[in-house]
Every structure is written in structure tokens, then in C-alpha cells.
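Look at the two complexes coming up: subunit A is in both, with subunit B in one and subunit C in the other.
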Partner chain A sequence: MGRYILNRLVRWIPSVFILLLLVYALVFFGAGDPIKLIFLQAPGDVAYDPARIDAIREAAGLNRPFLLQFWDYVLNVAQGNFGNSLVSGRSVNAMISAAVPVTLKIGLTAIVLVSVVGILLGVIAALNQNKWLDNLIVGFALVIWGIPVFVAGPLITVFLVLVLDFDVPYGWGGLFSTKVIVPLLVIGLNPMALIIRQARAGVLEVLSEDYVRTARAKGIPNYQVVMRHIMRPVLTPVVSQIGLLVIATLNNSILIEKVFGLPGLGRMTETAIKSSDYPVIMAIVLIFSIVVMASNLLVDISYPLLDPRAAAKKTEDE
Partner chain B sequence: MKTSFRKYLMIGLAATALSTTGLPAWADQVLNIAHPVLEQSWSPLQGGGHVARWQSLQWAAPMYFDKDGKLTPYVLSSAKPDESFKTWTLSIDPKAVFSDGSKITAQDIVGTWNLCARPATKHARVNLFLGDVEGFNDVVVGKAKDMTGLVVNDDQTVTVTLAGPDPIFDQKIATALIPPVKISQAVDESGAQKADWWRPENGVVVSGPFMPESMDLDQGIVTLVPNPHFFGPKPKLEKIVLTTVSDPITATLMLQRGDMDAATELITPTIIQDLGADFLGGPALAKGQQFWFDASKPPMDDINVRKALTMSVNPQELALAAFPDGPFTVADQILNKVPGVDPDFPKFAYDPEAAKAALAASKYKGSDRLPKIMFVGISTPTHEAAAQYIAEQWRKVLGIQGTEMKPAIETYAGPDQKSVQVFRDDVGTRVPDAVSYLMGSIHSGSGNALNKMGGYKNAEVDKLLDEASVKGVADPDRIGNAQKAQRLFREDWMYIPYYYDVMSKWAMPWVQNFDKNDDWQVIEPWNVTIDEEKRPS
Partner chain C sequence: MTDQALLLPQEEKQFSLAKDAFIRLVANRLAIVGMVLVVFLFFVAIFGPYLTPYDFLSQDLMSRNQAPSWLHWFGTDDLGRDIMSRVIYGSRTAVIVGFSTVSFSLVIGIFLGALGGYFGGKIDAFIVWLIDITMSIPSLLLVIVINVSLKPPLVNWMDAQYVATGNQIYRNTIWVDFVLVFGSLALIKWPKAARIIRGQILSIRNKNYVVAAEALGVPTSRIVRRYVIPNAIGPIIVYISAALGEAMVLESSFSFLGVGVRPPIPSWGNMISDGLRIWQMYPHVLAAPAAVLAIVTIAFSFLGDGLNDALNPRQWK
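After this line comes the complex of A and B, so read on.
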């Protein structure tokens, strides 16, 4: 297992390098000059003087060849230095170190909640197949699957504030603050549908297996049948969805953090992209990619724990 | 929390949790402002961006324009020119001090202005204020560090030498966008701006009525408290809290509920229905919106086409299309709200028959042979409604079918970019001066003439404005020449008048004395108060 993990980690290095090169090239050549944008995006009588903009670019080191700038960037990142924001001059390390914990806390909590509640609802639906409870849960899953997060966020907020007269859910007071309840709800709604459907389908498949019928014929109580004989094979495909769940959560964080004023990477992403602030964009891409790759690795590691056949296959691979 | 017990039961745990959700309760006379951008820099030397709109809270300008547009001393007690208007002597008010009680000196003014001009500072508007100072052009492109035209005479006076005569230099520097800062705090040994020097953790001293108590850049919350050493009137507010609220729907809800009192800027399609017309209301600005024709591109290269396009649009209906719920002021001439607005300016008339005749008299003879007409600057629902109205009028009156609209020129990618013929944009001035207004909009050297009107040049217009620009403010020919130039420009049919801007308060009715000047600044931040009885509890 140790060698397997090490192999995976070593394979990350070229992947991350290629990803950084691609994103750097995209931002460098395609997203617009951040210095020009400072002037172009300001309304009214901004003095747009090309000679001055060239001087500012020179002062910021942006007039050097692309590969030179990229190589400098990679060397700095290798030393743990993400550089400074081109727009504000603030250290990107300082910005990122404050934002990462917020996004991770919200994201991980959402994933755990979505997984637990989604699996529970999926199992309940499957055990009550074609009954009203199944229809209710499947109908609920269909509805939340159909509502994108950029619609759900503002709609739920408007409903809570204008209809129920609650305070506007806004800001960050830590993971155990009540302020995070609504964002967690919104961020988890859409991906939860995926887990419910996956869990339901998995249970329905296992329910018709001989060993489940045998276990029931032996008179084993139903909850024991579910926990011991049904859940384990069901969890394997569900866990494989966790990787997708991480990506969905990171994507959703961009909008959720903006709507609910959460000071995480998502809100920072929006600001950085608008101003083409590529040291910040690059740092966020790097962190997002590491989180996604780490989650995929965790999923891979968890397979053998859930399914011994996967463990045997992994040993062969090693 | 006003939720009834019954609702409370219905919502269960979520309601319990949400009962404490929201912003911290405020004490009396705390002004809460929703700021749309997660700012990472609150440096006063940016000259643009949303931060610059709150500059007058923390920083005293050299001088400022009061509610009546009168030039008023602030850090500077006076700015006096010599007879040639090339050399100005600036005197600092002896009472002007920073928040640590130290005096604002001539070294601070000169140092700040040099720092603003250096490329690495990235000041967005320094050219507008200091562009005529001798040596500016070398500093701004990095060839020199200091302007030769800025000289410290003694601690209290600065002599400014300009490259040419400028009778309104004192008006140009009456802006909060080049506020004197304590230069020893702001600049490092290499002459660059120090990182984060403007943060309270770094002991920044300010000159305005409020000083920063805390700046949480990660959460996006900035708290200001009164400056105990402020050399002007004592501020009435106990605290100002600027909170980043990026989502316009959330910001609107917070304003409706009284969680927020004002916004830096808020644009939504239903803003008047949601927050009332007063929220957007404010005094008229010396700024107007127009649809400019680029006469270097067909079919705008034919004056008869330009006449036809202009006369087929009803200015009243155009403004009404953009602002169905009001308020708006229909534009006609370029000049607005400056001494020299022409009371007898011949307005563009809506005349469909004359428009048809003009198009028939053009080299295109009719609408069939006209190339597609492309608009840019259609960046908001308001402008989109106006542009759609214009296109519809052109279709109805002239039979023109081919029109296309895009938000901004830099997003108009592809081969069509160089074919754009109509630009929606504003022109205006920060100083109450007709010549300055027209120099920036219809003179051939202006960005507007170069970029929006395809290099428009009328030698007579240029001559009149050039002559007027060196005449004293009291000289009647200064205004006379400007009015003549504007009438000559009108005869070139280069624009469709749209509307005159107002300086929106973007504040709820319970915020008092929140007037802003043409510089986007709250004119007298020390007088701002809140009528708590009107604010929702």
C-alpha cells in the first residue's frame, strides 16, 4: 500500500506541472492583461496611456517572455512562494492561507453531511421501493438535482428573509456558527441527489442477491441484514462518487461563498478571475487540483477496505 | 428575530440555528456600507476602483468642491497662480495634521504626488490631476523618480511649475484621489510604495475625519472610527463598517432590512422597485451619456447618414426606454452642470420625415445598401433597453435591419472589432469648467475623439478650445469660445444625446447628509448621521 501511495504521489508531479503550464498559458495569452484591466475596468475618465501601461508592466516584470515568467513562477512555487497579487500587491500566501481553511471546512462538512444523509435516504428509498416514501425521496432527489446551485442560493435566501422574516444569512463565524447552516444546505443539495440515486440503485441491486435472501431466511433481523450484508457492497460505488462530490463542492463554493459572504477560496476565485490576477488564479488552481487528486487517492485507498477483491487487484498492480 | 413560535416549530432546527444568524447588532450611529468587491488593497494611491470612492472618509483632499460646487480649502489653505498661470504656490493649512497629531508638510505633498506618478504605484487617474506638471511625463514612464516641477519651498509651501499655462490647476487638484499621505510611511528606500502601509496593524496615520480601527481583508470587513486629531469638524458617526457583499440580491435584501445603510455601487434591473427612486437619486453631475458615431467607418463616414440616424430617434422616448421608472434628465448638448451650459443650444429634433430625406440624400441612397451597424458599451440592462429602442426606431423610420450590440470594446473579439460604429459612453469633467469638459470630449486630442469618434478632428473646434484653455477663469471668452466650439461640433452630427448622469447616493433614506460630489466622494463625511427612527428595527 505504501509503495502504491508513493507511486501515485510521484505521478502527481508531472501532472501538476503540465496543469500549471496550461493554466498559466491560458491566463497569460487569453484572459487579458491585468494591468490594462485595472484601467479598462474603472469607469469614467481613467487616463489610458499605452506608454504608461508599458512602464507599469515593465515595473511588474510582465514584459518578459512567457516561458521565463513561467519558469520563475515554478521556481518560486517550489519554494512555497506564490508571489504577490498583481492588482493589490498583497502576498498570495497570506491570502491563500486565510481562505483555504474556510473552504476546506465548509467543503468537508458538506461532503460528510451529503454522504451520510444521501446514503441514508437512498437506503430508505430502496427498502421501500415503489411505496410513497420511495416516491417522495426519489421525487425530492429529482427536484434538487434539477435546481442549480446559483438558483438555489439566492432563492433560499430570499425565501428565508422575505417570507419567513429571518435575518440575512451572511458572513463567517466559524464552522460551528449558525451562519454556515444555510450555505451548507445549499452547497449540499445538488450533489446529494447523486448520492441518493446511487445508494438506492446499489441497494436494489444487492437486495435480489442470494446471500441477502439467505440471511433473511435465517431470521437475521432486518437492520442487521442491512448493516452487515447490504451496506458494504453498496458503499463501494457510492464512495467512488465522492471524487465527483469534491469537484462539485469546489465548483459550488465559488458561488456559495459569494452569496453568503464566506471568506474562502471560491470568493477569491471570482475576484481574481475578474481582474486576471494570475498569481492568485494559479495558486487557487494548484490548491484545487491537489485537493481533487488527494480525494481521488483517498477513494482509491478506501476500495480495498470495502471490497477485498479490490485489495487483491491492488496487490497485483504493485 | 421576528419568527413566530408556530413558524419556529415548522422550521425546527434550521430556525433555531438561523435565529442568531446575521451581522452583529450595531450601536447607534454606526453606518453600515455594503461594498461589492473583496478588496485586497485600501491604499489611497490607487486613483480608481471601488476603494477610491470612500477616500474622503479617511483622507483629506488638497482641496474639495462643496455642495454648491464651490472650491473649498482643506489641506491646502490656498493655491495661487502667477500671471502666466504656469507657476502655482500651494500653501498648507497650519492646522492640517495627521491622526497622530503630526503636521502635514510640503514634503508629504510632493512625496505623495511623485509616488502617485511612478508606474509601480498604478494610479489610474494621476494624469488628469498632475499631467501638466513639469517632468510628469518622465516619471510616469519610469525615466525619472521625481517631477522637476514640484519643489518644496519650506515645510508649509510647495511651488508647482507646469509645462504650460493652466488657469484651473487649483480645481484639478481639488480631489480626494491624490490625498497627501505621511510619505515616510508610504514609500520605501527604492522609491516604491511600501506593501500594506495603509493597514492599521502597520500604524498608518490618516488625515481625514475617520481612521481605520481594523481591516480584515480576508473577511472583507473594514471598520473606521473617528480620527481624534482631525483638523476639521468633529465627525458625528461613531463608526463606519464597510462589509464586502458581492452578491447584488443579498445586498438588496440587507438594505431593505436595514442591515446595511448604503452601498458603494449597486446595479440591478429592479433596483427602483426594491429600494425606491431616492436610493439612486442625487445631484446632477457634470457628465452625460451619448451614443457616439465613429465617422471613420462606413456608413458613419457620410454626414447625411449620421443626420438620418440622429433625427429618427426621439430623445424623450430614448431616455424613457432606459429609465421607465425614472428619474432621468434627457440630454441635448454635451455640456451639463458647469458654468457655460448654452441656454440657446439648438436641440436635435425628432423628425422622421427629415431623417428619411437625409438617408435618401446620402451616398447609400437608402437602408438596403447600408452595412451592419454595430454598437458597443451596451453593458447594463438600462443601456440595452436604450440601444434596442434606437435600433427599433431605425428599423421603423429608416428600414434599417442590420444592427448588433456588445457590452464592451475589449470583449468585442474577432474581425468585427474594427467595424464598430456606435459607442455608448459618457463624457464629463471633475472640475466646473466648460473648456475642460469639451477638451476631454470633442477636442481632437481627447480619448473620446480618438477612440470613440474614429479620430474626429474639426480644426475650428480645436482652435477655439485651445485658445480658451489658456484664458483665465474670469475671462468671458473662455466660456464664449467653449459654447462656439460646442455649436460647431453639433453641426457635424457626431452623436445621439442620451441622458445626463446624477451622482447617485446609493444610500437608504435614513442616511442623512450623504451628498457626494463629482469626484464620487462623500462631500462632508463628518456631517453624516443616521435617522434611527426611519431605519427598520
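After this line comes the complex of A and C, so read on.
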């Protein structure tokens, strides 16, 4: 078990490093000169004096070779310093630490809710296989899987405000304010389809197992069969989806936070993209990738806890 | 000619498999609804711009933000442009991006997947690692970074080419947007195709009929044609259908964020983003492109699900 976790960690670190290199190279060779970008974005007529630009570049160490600069960046990031925003000049760290809690709270709540409701719906669907309830849930899953979040959000808002005459849910009032309900619903909607499908498929697979038939034959009440023999093995395929779930939630938060006026990482991303604020973009890419990779790692680690057979098979594969 | 004789029954079976799949697909009502909508989308994307009475760019400032009417079925936007014409032109954007993304990701995926599956060993391990890494990257963000960072140098390069050669081709930078969007999407989407191909090759290598064919001296190219492709075609078709839908959604997401295809070229994404500014007064500006995008993605979802059930009967329980 310890070796298994170590094995995963050892694989994880180079992936993060390579991602860092890739993103840095993209920005370094693609985006162009950061000094010029600063000058272009400075308000008014700033004297465009090549000698002065060269001096600034020299002072900032931006004329050194790529690898040296990359190494500096890695060292800074390793110490938790992401530099300053090109647009506002604020430290990226401060911006991020203000935005992370919002996205984190909403994202985590959405993931928990989606998993619970999704598993429930999936199990209900599978237990009623090919009846109308099953068809309804599967159809529902297909529909919510299809609708992208930036379509669902606005459409739901238009519906709420114009048809039902509700208040516009806008802004952030903490996790327990009622404003959070609609964004939560919208962010969780299409990832939920994933969970429903997995849970349903998992239950259907288990239902035909011998031990379920034996349990039924012994006369164990239905809910006990479901809770003990069916729910547990179903958790494994669902947990395997958590990495995808995290990606979907993060993507959704990028797309939807503006719509609901949430001051989170997603909105920060959006503004940073529009103003080509590369230090901010890079910090966000890094944070998101680390979160995603960490959740994948968590999934890998929790596998053997849920299903020892899976762990044995996985170590065999390698 | 012995192998020819041996292979003949296989061919008959293929035909009946396709027929079976078709029958199963037609029996699935939702899938048929999806298919009809998708075919309609392609039709509109190809011929739509010739059928609309308005140009998607022509502004009519006297009739701004008009509600839907017989004159403008979906109404007009804040510059008096006909929303229906724009939605129709947006379908063209979506279909172009969708098809290019899927073809490029298929080429990359099939090549790398086949490489890994065929050679095995270290090459395979490397490709599996590449697949894992690509799948664990938050795709939306990486594509955004690629788009944002590669656009300026590409546009600069095209400007320089125009100055140097005077060729008009280099003046139109809209194509840069398209190329960047589907190029970067293909870089994200290939792992699924690679997985399918690699898995098929690995599983088929040890099948007795392939071993037998190899022992009989059937050339590799024929084994690929007769066994690998027929086995992989089902999952690949399902992949194409799903990836088309996903690519269109992603294309809209980028335009929605202001990264991908930029105005004035209409994309459903940038129309939704425009609509968000004024939906309180004029909900139709937002609702029309949003509803169309929702219908299209649901159609792909239905079709993909139906294709999956029809083409992969082995997954049946």
C-alpha cells in the first residue's frame, strides 16, 4: 500500500513539472515580450524608447536564456510566489488567495451534492431497469449531459426572472446565503449526468452477481441487499469519475462565475484572458492542473481502500 | 488463394453486423430524433447562408433589438442584425470547427494509438503516459493558453508575410482563429481515439483467428484491413459522434469567453455572451442562440448514446 502511494507520487511530480514547462514555453515564445505588453497596456502615451525598454528588460532579467528564466520561475513558484499582475500590478498571490475560497467552497459543495444525488438517481434507475422511472432518469441524464453550463445558467436565469418573477441571484454572500443555490445547481448539472451513468452501470453489473442472488435467496430484506451488497461495489466506478468531475466543475466555474457575479477563480480567469494577463493565467493554469492531478492521485490512492482487488490488479499492470 | 476463401465468411458477417446495428439504431426513437436533428444541422450549415434573406453582418440600426416577428423569426440584436441569419452562420462555424477537430484528433489518436499498440514496450509506455498526462490537464484552460499565447505571433507572422509578398491570403486573420481553435482542440481530444485503437490492437493480437492468419502468412496490411478496422470501427464511430458534439460545445465555450472565433464572425458562444449583456430587456437575444446550442448538443448526446447501443452490442447486459 505504501509503495503504491509512493509509486503514484513519483509519477505525479514529473507530470506537474512538464506541464509547467509547457505552459511557460507557450507564454515565453508565443505571447511575446512582457515589457512591450506592459507598455501597450499602460494608459496614455508612454514614451516608447527602445533604450529604456532594454534597460528595464536588463533590470528584470528578461534578456537571459529561456531555461534560466524558467528555472527562476520554478524556484519562485516552489516558494509560492507567482509574481505580479501585468494589468493591475497587484501580487498574483493576493488575488488568488481572495478568489480561491469562493470557487473552492462552491466547487466542493457541488461535487458532494452531485455525487450524492447522482448515485441515488443512478441506483434508483438501475433497480427499475427499463421501467418508466429508469427511462425518465436516463433521459434526464442525457439531456443535462448535453446542455453546456453557459447555456443552462442564462436559460435558467431568464426562466426564473422572467417567467417565475424570482429575484436575480447575483453576487456572493457566503456559502450559506440563498444566492448560492442557482449557481450550485447550474455548476453541478452536467457533471451529475456522469455520476448517474456510472452508478447505474455499476448497479446493473452487480445485480447479476451470484452473491446478490444468494442474499436475496436467503430472504434478506431488499433495502439491506441494496445497502450492503450493491452500494459498496458501486462506489468504486463512481469514485473513478471524480477526476473528471473535478475537471468539469472547474471548467464550469470558469464559464459561469461571470454570469452570477461570483468573485472566484473562474471570473479571475476570464478577466485575465481578456487582458492577456500572463502571470495570472499561468498561476491559474498551474493551480487548476495541480488540483486536477491531486484529485486523480486521491482517486488512485482511495481505490485500494474501496476495492482491494483493484489495487492488486493495478500493481500487476505496472 | 486459401486465405481469400477463409476470409469470405467474415465479410458476410460484417455486412450483417452493419445491418444489425442499423436496425437497432432505427428502433431507438431518441437516437432517430438526434440523427434527424444532426442531419438538419449539417444541412443548415452547408446551405443555410444561401437561404437566409438577411446577411449575417448587415446592420439595420432602425430596427434594433426587435422581438421575434414574421420579418425576423428570432428577432434582431443590438445592432439590428437578424439573429436567425447569425445563428445559421454560427452553425457553419460550429460544424467547421467540429469536423476539423475530429479529423485532426483522429489522425493523431490513430497514429499514436497504433504505434503504442503495435510496438509495445517502451514506446507503448511513453504513449500511455502521454495519454494520462493529456487527460489530466484541465482541457479548457490549456486550450485557452494555447489560443491566447499563439495568436499574436501568428498574426504578426501573417502581417509580415503580407508585407513581404503582398498576397491577399495573409490579410484575412479570421482563419488564424479557426486554425488555433481546432488545432488546440485536437491536441486535447486525441487521447480517447488513441485509447480505442491501442486497446483494439492489444486485444486483437492474441485472438486465435489473428494468430492463425499470421501463421498462414497473411500480410499485416490485410490483417489490419480485415480484422483491426472492422473491430475498431464501432467504437470509433461512437467516438466521432461524441467528439463532434463536444468540439462544438468547446468552440462555443471559447467564443463565449472571448478567446476563440471572434466577432464579427458569429459563433453561438459569442452570441450568448453578447446576449448576456442585455437579456433583462431583450431575452430573445440570449435565448435564441442558447436554445439552439442546447438542442444541438442534446441531439448529439441522443445520437451518440443510440450509436453506442447499436454498435457495441457486447456492452449489453
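Operating definition for what follows: the second predicted complex is superposed on the first by the 255 of 318 C-alpha atoms of A that agree within 3 Å, B and C clash if a C-alpha of one lies under 4 Å from a C-alpha of the other, contacts with A are read in each partner's own complex, and residues count from 1 in each chain.
One rule holds in what follows: a residue touches a chain if its C-beta (ideal position, glycine included) is under 8 Å from a C-beta of that chain, and two chains touch if they have at least 3 such contacts.
Predicted model only: the values in this text are computed from it and were never measured.
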First, second, both or neither for A:E270, with subunit B first and subunit C second: both
Contacts of A:N222 with subunit B and subunit C, given as first, second, both or neither: neither
First, second, both or neither for A:G261, with subunit B first and subunit C second: first
Partner chain(s) touched by A:S88 [first = subunit B, second = subunit C, both, neither]: first
First, second, both or neither for A:A51, with subunit B first and subunit C second: first
Partner chain in contact with A:N251 - subunit B first, subunit C second, else both or neither: second
First (subunit B), second (subunit C), both or neither touched by A:I181: first
Which of subunit B and subunit C A:P154 touches, first, second, both or neither: both
Which superposed partner A:L162 touches (first subunit B, second subunit C, both, neither): both
Residues of subunit A at both interfaces, subunit B in one complex, subunit C in the other: 32, 154, 157-158, 161-162, 258-259, 270
Subunit A residues within the subunit C interface of the complex: 15, 18-19, 23, 26-27, 29-32, 139, 142-143, 145-148, 150-152, 154-155, 157-158, 161-162, 204-205, 208, 243, 247, 250-251, 254-255, 258-259, 269-270, 273-274, 276, 278, 281-282, 284-285, 288-289, 292-293, 296
Complex contact set, residues of subunit C against subunit A: 30, 132-133, 136-142, 144-146, 148-150, 152-153, 245, 249, 252-253, 256-259, 269, 272, 275-276, 279-280, 283, 286-287, 290-291, 293-294, 297-302, 305, 317
Subunit A - residues contacting subunit B, complex: 32, 35-36, 38-40, 42, 44-49, 51-52, 54-56, 58-60, 84-85, 87-91, 95, 98-99, 154, 157-158, 160-162, 164-172, 178-179, 181-182, 185, 258-261, 263, 267-268, 270-271
Complex contacts: residues of subunit B adjacent to subunit A: 1-3, 7, 11, 14-23, 37-41, 48-49, 118-120, 122, 124-128, 131, 140-142, 193, 195-196, 217-220, 243-247, 249-250, 253-254, 257, 259, 287, 408, 410, 426, 428-430, 440, 447
